[in-house]
Amino acid sequence: MNAYREITHNGLWKQNAVLGQMLGLCSLLAISNTAVNAISLGLATILVMGMASLIVSTLRGLIPYEIRIPVFILIIAALVTVVDMAMNAWLHELYLVLGIFIPLIVVNCIVLARVEAFAAKNPPGAAAFDGVMMGIGFVWVIGLLGAIREFVGQGTLFAGIDMVIPGLSAIQVLPEDYPGFLIAILPPGAFFVLGLMIAGRNWLDARANERARQRLLLAGQSSHA
Amino acid sequence: MLNSPYITKPASVSAVMFKVLAALLPGIAAYVWFFGAGILLQIALASITALAAEAAVLAMRGKPLGLFLKDGSALVTAWLIALTFPSIAPWWLIVLGVLVAIVVAKHLYGGLGQNPFNPAMVAFCVMIVAYPQLMSQWPAAGFTDFAAEFRAIFGADRHLDAIVMATPLDALRTVLRLPETRATVEGVLGSNATFGNIGGRGWEWVALGYLAGGLWLIQQGVISWRVPTAFLATLGLISGAFALVDATQYAGPTFHLFTGGAMLGAFFIATDPVSGATTVRGQIIFAAGIALLTWIIRTFGAYPDGIAFATLLMNICVPLIDMRTQRPVFGRKTGKTPDGRQP
Amino acid sequence: MSDPQDRLPLDDTPPAPGEVQRQPGAMKVSARTATVLLLFTIVFTALMAFTHDMTKPILDASAQAQKLKLIGEVLPPTLYDNDLLADAVTLPATPALGLDEPSLAYRARKGGEPVALVFEACANNGYSGRIGLVLAVLADGRLRAVRVSQHKETPGLGDYIDPKKDKNKSNPWIEQFSGQGYDLALGGHWKVKKDGGRFDARAGATISARAVTNASGKALIWIAERRAALFALPAGTTLQEKTP
């Protein structure tokens, strides 16, 4: 299953929606002020992406090429509306926080991009898998961003977890009297932390490339000898 | 980069930087006289942190330590931070601010000569957004008890009620925004014994100190006279115009020029050669823009003084200002500037 | 994004369905396209309508619960036994409450006896924007509690008026109003200490505190002076102010 491995690698790292393609930054920056908020929005996005990819791929033979974009948007918008209403009904507390950002998943370019670039050309199984992997790629980045901002900003992790799973409570990582670093939780902090994360990814990639080059050089030398 | 060199390097950076430090001394002297020696502690803290951070980052980047450390630019940043932060702020606030300035605002952008934003102002903005309460606790004028200030800076238990006083800018905005008090500028500034009638007791003398130092810098040829003039003239004109319309709701030019960071901004911040505009006309636009935005933020904004935010906003505009004010390239017959604009 | 690279080897269908079907006449193509689009619209609208019907009862219930929860913060449900949301009277637009639109006052009773009035007020001179308040005034004229229902005060500076944002969890700032009588407000002491009143405000952030203090004091007087009339009104009617 080499193809599935490639999909996984693309979604989680190489073509990662945020770190690689810089798509969907609006909701990403706005909602990543705590880990719970970030992961919740990420999970909603996975759900929409997986379902949208599956449906588009299944129906791809029926969708005329000329109107594919309106149809894609129609499908995505309907799915988002369904997720929105379901969340409002069953996760109401969380919905009050994420509320305005759920509808924004419709215009999150990641969803349309994957549907157009992948799901419309590949069989349902692979398409759904790709949607979910791209979604997981989004969720780990937004989750990490949210966790860093929350940790630096208020010294906790998973504050507000009781909105999703009643009974659990936040982890107080730093002492209670930590004065906080408010800017990390406010919008500017999102830009700072995301910038550092992208720099980190580029650094890791550059290091990996450098190592690969070294290996190639070594291999070349040994074959000559 | 877009156009001509961003930094016009004089013969020696360090000579310029140390003259700038010397020019701050009269203002600092007035500060100590009216608000106690706590500010000296903050300056020392900021200087040590700045040099240590500069050395650490230079070592990490593999740059020669001695050459860059000695240029004094880190010290200027450190002193400006110390002078714009409240002098009774806890020690870690200024240390964190200096780290933000040196590590993030200066070196992450490429170090001296490369940073698009004024590092000291970045530090101020980050810290006032992060710790608005601590950054709004200013000492009362005439409070010079060094032991109390020392406790406020280093003590774990901060009892500030006796020390803290709203700055004139803060007091003015607070009271003017309460419709039921029907307050007027004159009422707020005049009736309250703690404020002088120009820029607030104490603050106006500190501002005079900066003014003296700034004039000396002009005389020494370190900074051009255009930037401070454009800054002060704009701030004076806009505040004067609004004071003429309604003197009860808008403070006049003497207040605006001699309160808060106006003098510091005019002579020591807007004149930063690295993050400011490079063309002559550009520098004037840059300084006037900071002054205008400062007045707007002071009058209608949500944060205390507006100099820092105004400076960063104008820093963003510098490439555009430079591009628009570039002289036509020599020898071009069409007389068009490189971007195709008719002069 | 749509380069062929993205097509993986497991693709088993002919590429781009549209290209093969572009042969027939223009009319036919548009008719077909329109039909397909219409079908998709119908199917997915039906899906949304179905979800809407499924979730509607839950949504209504949670909107109700939300309202009761906010009320519960100023007046615990154990203190009354009537259907609070049904026992409401309308207040006209009242400057003393800071409201320029009519609002509702809910009447809590226990065993038919008046317990408290729960109503909204608004402070219009906060640091940024209006501060919405919910207050409960006991039948004896004391303030049971006041809570901030919405505000845009500076985070970390003025937002301690909301106990959820208050760093002092054991004794939040807004709790100092609880149990205070309206005679305090009549005597002119319902102010922050800086203005010569009774209440604390945090150093360096007086504006938000002053706004909440002044607005709650004014609202308390207004309601407390009319509490007998308000309890006497039939449910669902509007309070008629006598001409002054």
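Every chain is named by a letter (A, B and C) in the order it is written, and numbering of its residues begins at 1.
Here is the rule we go by: contacts are C-beta pairs under 8 Å (C-beta built on N, C-alpha and C of every residue); 3 or more make two chains touch, one makes a residue touch a chain.
Bear in mind the structure is a predicted one, so any value in this text is a computation, not a measurement.
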If a chain touches subunit B and subunit C alike, it appears here: A
Pair with more cross-chain C-beta pairs in contact, given A-C and A-B: A-C
Chain centre separation in whole Å, for subunit B relative to subunit A (CA means): 40
Euclidean distance of C-alpha centroids - subunit A vs subunit C, Å: 31
Subunit A: positions in contact with at least two other chains: 180, 182, 186
Subunit C, residues touching no fewer than two other chains: 155-156
Shared-contact residues (touching 2 or more other chains) in subunit B: 130-132, 134
Residue numbers on subunit A that touch subunit B, as the complex places them: 179-184, 186, 188, 192
Residue numbers on subunit C that touch subunit B, as the complex places them: 124-125, 127-128, 154-157, 202-207, 210, 214
Contacting residues of subunit A [partner subunit C, same complex]: 3, 6-7, 60-68, 70-71, 74-75, 77-78, 81-82, 85-86, 88-90, 92, 113, 116-118, 121-123, 126, 180, 182, 185-186
Interfacial residue positions of subunit B with respect to subunit C in the complex: 130-134, 136-137, 160-161, 164, 166, 174, 177-180, 302
In the complex with subunit A, residue positions of subunit B that touch it: 104, 126, 129-132, 134
